[in-house]
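In what comes next, chain A is part of two complexes: it sits with chain B in the first one and with chain C in the second one.
Coming up: the complex of A and B.
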């Protein structure tokens, strides 16, 4: 029953999405019919409701163990805890596509509800583009990756063809034995059985899906000809929201990799990671350059390219990671969703680029202001955009461009890995941090170099003092000190500018520091939220430099009671408890070690290897144990052990200095983004004046 | 005395004939640590699993390859010789940057060339802006000015 409910709800969502897209465009553009436009709006809302029913049906099916549904059978089993039954919804291709479509439908409905009145002229076009995208994803579900397919038994078929998979009951089919289905159910991929999986994919999907709204508004502006900065203002907050989720998704993905993948790092420059990083790079460039258009009416064409490029990167990344392109550059031809996704990406990008060039050729994307100085905020933002785009090119080339080009044109299979990325990207990141340090103190229009120099004196002094501290505490590597210096300057500029704002307010309003800080964040959330984001990025940068340049590692085999020494620590192997069986059926081999420093036991560490006997393929996980402090992480992996008497075991140990700053910096960055994106009611000047007048009248009375 | 000379000559001949055989015996393998193996394995990618370095790949095939690296180190091969051997057998996909000079140059310089072009475009844009003097005749009519339209939108929304 749940399968039928889910299937029909999804099918009707597909119909309503197509209907909504068609009538919105026809009603606004050709028929000029308010009734049709409103019907399109209602179709968008109904699509979200139907997708909620669809996703709800699948979630309930997983929770209630309906193993006849092939997806439920593939991602769960009777031993799985309830928590993982929730996360199993996005544990494989079909379910995650349904969840993705649901989020997209939800975003569309929220956008319709929030922006319909304020953006009446753009909304019908925006609804058209949003619903077309939603319809495409639902189409993928219905025709290529149906999560509501069920197992059937057709007794009249030859033995090897008796079990079939179909959405609707085939003629002469019977329902399979539920006990046999439960016994053979596969369960969730072991790598996904981690708490991070409850948050990381939804955050990433929300980030990806969120970019549909800025894209739809940009397309709406191009299609309707309403090319004022209106679309930009309304989409800025949506872009920030999408960016926030994408950032959270990337950070949580890094944390998941650090905890689960067992290689002592958080970012491996893997194509799947990079596919999520690419839209983040373009989206960040857009968030900066959008300010130039808002303040100066410049870079209109460029901003269009950036926002459409962000969406295009989302779709390309989805195509690349879901079609199997990253495993082999030819595998997308074999994957069922590879070709349609590629076609959608290609067609949507071509249409968008055509619309931009068409409007540009008509002079409708002309800049409203002339450039006045090389040393201005707009020129530094342009440079910032160049660096972001260069990073995009470097990451895209390393992940997809070079492997595809070499295989297609040179018939050679190559991998561009850490070696390539660590050669190409550091100078670009360094350039970004330098710009982060200089751009906030520049002015729109013209910046006097002397004034900029004066403003930089305190941050530069603080940076030098910090570097001296680093030097005195043992950092003697010139490259590391240079890198720390660049990053610290950006952070100090952000902090000093915030303190200057605080002092200015305190002088004028005689407030307490806390009240002034609150006032800064509420009166100018974009600026001061932005500074907090920069500060968070600085903290992340310090963590990245420390953990990359000063990581120590060793691998040694120890007998029980033996110890190894690394970085001033002693690690003693105490015992191994093998064959421990967990609630969900996994078999755990757990080592117990003592971490000692200066003769004192700091912690008992229990790294382990989990084996999932019921899972085919990748069925072993290496779970690290870590002793975390702000100074470093002492990270231990159980690599191997003697199966017979467990007397000797091999451990891989990493010391990752400052790595926890990455997570703390991430939290600061998220808080800053929330402040910058927080909705603020802005009343029209006329209303504000009226309120002031009535307030004065009351006082006078 | 001549018999003694003959015996000494025979002994010398035996020694001379034996010495090369003794010299050809393999030296005892030097002890190789896991860290030495991992340092090289970290620079090689698993030829089977995509984008996973050999030092962390948990598959049996990669365990065998790590053992192979250990044996090569024991035989006295250098890091570069081992990497070259893997590249010869599995191709450039086993290293993080291709060893082949053309592919290597193509891989490393292409993003810089493309970024350089981007920078040139940006510079061109900045120069064009700087040269541009806003002609009043070219400026947008008030009814299409962004600011005006935004104000209008805000008023309508309010």
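Coming up: the complex of A and C.
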């Protein structure tokens, strides 16, 4: 029953999305019919409702263990805890496609509800582009990867082929025996049973889907001819929200890899990781250069290309990940959706580029200002954009470009490993941090170098002071100090600028520093939220440098009671508890160790190995234990142990300096983004009133 | 959302004259930057490039001895020997033909086909990965020694389609 409800709801969503896209475009562009345009709007809302029903049906089917549905059978089993029954919705290809379509449909509906009245001219076109994307993804799941397929038994078939998979009951088929199905159900891949993995995919999807909205508006602007900065202003918050989720998704993915994959690292420059990083790079460039267009009316064509690049990277990333194009630990199994996804990516990119060139050739994307000085803020922003795009190209080339080009033109397979990325990206990241330190204190138009130098005195002083601290605590490597220096400068500039804003306010208003700070964030959320984001990125940078350059590792076999020494720590192996059975049926072998420094026991660490008896294939998982402080992570893996007397066990130990700054920096960055993106409605009533009054004044003028 | 103005907008300086000189400077700067990036990418590519070859090719062709390459093969479970004290893993992989539609089935076939080319792998300082097991696909970076053993420095594993293409076994139907 649930399968039918889900299937039909999704199928109708496919129809309403296509209908909505068609009548919106036709009604607005050709028929000039308000009724048709409104019908398209309603179709967008209905699509979201139908997709909600579809996702709801699949979710309920997983929760109520309807194993006759092939997807439910593949991602869950009777032993699974309820929490993972929720996350199993996106545990595999078909379900995650449905979930993705649902999010996209939901975003479209929210966008229609929020912006319809204000943006009547752009909306029909935007709806067309958004619904076409939705329809494409629904089409993929309906025709290639159907999450509502069920198992059927056809007794007349030869024994080997009696069990078949189909959406609707084939002729002569019987319903399979539910008890037997429940017994063979696969369950979620053990690697995915982690909190980070549970929320990492939806975060990434929200980020990906979120970037489609600014893209749709950019396309709407090009198609409608309303090429003012309107589309940027409407989608600015969408872009920030999408960026926030994408950033969160990347951070959570790193955290998951660090906790679960057991190699002491969080980022491996794997093609699939890079596929999610690519839209982030262009998206971040876009966030910056959009400001120049808003304030100075410049870079109009460039911004169009950036937002299209972001969308393109999202679709390409999805395609690359899901089609089995590249070898990666993450990639989904080879799938028939590869070709249609590639075609969609190619066609949408071509249409977008054509629209830009067409409007440009008519002179409608001309900039309102020209560059006046090399050290103006807009020039530095352009440089920032160039570096972001360079990083994008370098990462794209390394993960996809070189392998694909070598296969096409040289008839060999060439892949670029970690060493490529470790060579190419650090100088570019360094350039970004330097720009991050300098650009915020430059002025629009022309910057006087002398005033810029004066503004830099305090941050540079603070940077040198912090470097001295690093030096005194043992960092002697010149390159590392240089790297810390440029990262720190960016952070100090952000902090000092915030303090300056605070002081300026305090001079004018009689108020407590705390309410001044609040006022700073509510009255100028973009600037000060932005500074907080920069500060967060600095903290992340320190963590990355520390954990990359100064990681220590060792491995040793210890008998119970024996210890190993590393980096001033003593690790003592106390006992092994094997064969512990957990609630979800996994069997755990747990080692217990004491971490000691200066004669004091800091922590008891329990690294373990889990075995999943019900799971076929990959059924063991090595789970690290870590003692986390701001200074470092002491990260221990249980590598092996003597099965018989459990007396000797082998451990691999990593010390990752400053690694927790990455997660803390991530939290700061998220807070900064929330401040920058927070709806204005939370502003004090007085401020709102002022805004209304000035708005009325403008209208009256 | 649309009615909201976005923060303070700095008014553009009145009729700022576009200075050709600074535009030229800017272009030169960006040009230099692009050149630097191009250099980085090219040098990175030439030093980081790894030929991805098949087990067949590396076994047949002696030109690969000593060269850093990437290979992919099907892991033969019985051959895995793990020295956990010294973190050394030895195992054998079987050749995976280039054109495969069903990777899981191919992995299964080549592992059980004695005529498929095989290659012995030796990797040091490597904790036994959870995914290293019978019929997994191993992707290795390393060099082939003169002794015919592949000395790997990097090991990547995939257990394809276990979760995607499995079909329930014998189940009885009920009307």
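One rule holds for everything that comes next: the second predicted complex is superposed on the first by the 672 of 701 C-alpha atoms of A that agree within 3 Å, B and C clash if a C-alpha of one lies under 4 Å from a C-alpha of the other, contacts with A are read in each partner's own complex, and residues count from 1 in each chain.
What we mean here is this: a residue touches a chain if its C-beta (ideal position, glycine included) is under 8 Å from a C-beta of that chain, and two chains touch if they have at least 3 such contacts.
Everything quoted here is computed from the prediction, not taken from an experiment.
J.: For the combined arrangement obtained by superposing on chain A, do chain B and chain C clash, or do they fit?
T.: With chain A aligned, chain B runs into chain C, so clash.
J.: Now for A:555: first (chain B), second (chain C), both, or neither, which partner does it touch?
T.: both
J.: In the overlay, answer first, second, both or neither for which of chain B and chain C A:173 touches.
T.: second
J.: Regarding the shared-chain residue A:163, is it in contact with chain B (first), chain C (second), both, or neither?
T.: second
J.: Could you tell me if A:236 is touching chain B, chain C, both of them or neither one (first, second, both, neither)?
T.: A:236 contacts chain C only, not chain B.
J.: Could you tell me if A:415 is touching chain B, chain C, both of them or neither one (first, second, both, neither)?
T.: both
J.: Between chain B and chain C, which one contacts more residues of chain A in the superposed model?
T.: Here the partner covering more residues of chain A is C.
J.: Go through the superposed model and pick first if A:181 touches only chain B, second if only chain C, both, or neither.
T.: second
J.: Give one of first, second, both or neither to describe whether A:444 is in contact with chain B, with chain C, with both, or with none.
T.: Only chain C; A:444 stays clear of chain B.
J.: Pick one for A:383: touches chain B only (first), chain C only (second), both, or neither.
T.: both
J.: Once the structures are lined up on chain A, find the stretch of chain C hitting chain B; candidates are 5-13, 59-67, 95-103 or 167-175.
T.: Residues of chain C that clash with chain B lie in 59-67.
J.: In the superposed view, which residues of chain A touch chain B and also chain C?
T.: 117-119, 233, 262-263, 297, 327-328, 368-372, 374, 379, 382-383, 386, 390, 393-394, 397-398, 402, 412-420, 423-424, 428, 555, 557, 620, 622, 650, 652
J.: Given the complex with chain C, which residues does chain A contribute to the contact?
T.: Checking each residue of chain A against chain C gives 73-75, 92-93, 114-115, 117-119, 151-155, 159, 162-163, 165, 173-177, 180-181, 184, 186, 189, 191, 233-234, 236-237, 262-263, 294-297, 327-329, 331-335, 368-374, 379, 382-383, 386-387, 390, 393-394, 397-398, 402-403, 412-421, 423-424, 427-428, 444-446, 524-527, 555, 557, 616-618, 620-622, 637, 639-640, 650, 652, 679-680, 691, 695.
J.: Would you mind writing out the residues of chain C in touch with chain A in their complex?
T.: 1-10, 12-13, 16-19, 22-23, 25-26, 29-30, 33-34, 36-37, 40-41, 43-45, 47-53, 70, 72, 82, 84-85, 87, 101, 103, 125, 127-128, 130-131, 133, 136, 139, 141, 154, 156-175
J.: Looking at the complex, which residues from chain A come into contact with chain B?
T.: 117-120, 226, 228-230, 233, 261-263, 268, 270-271, 297-298, 326-328, 366-372, 374, 379, 382-383, 385-386, 389-390, 393-394, 397-398, 401-402, 406, 410, 412-420, 423-424, 428, 553-557, 620, 622, 650, 652, 682-684, 686-687
J.: Touching residues of chain B toward chain A in the complex: what are they?
T.: 33-35, 38, 43, 45, 50-51, 53, 56, 58, 91-98, 100, 103, 106-108, 110-112, 114-115, 118-119, 122, 125-126, 128-130, 132-134, 139-140, 144-147, 149-150, 153-158
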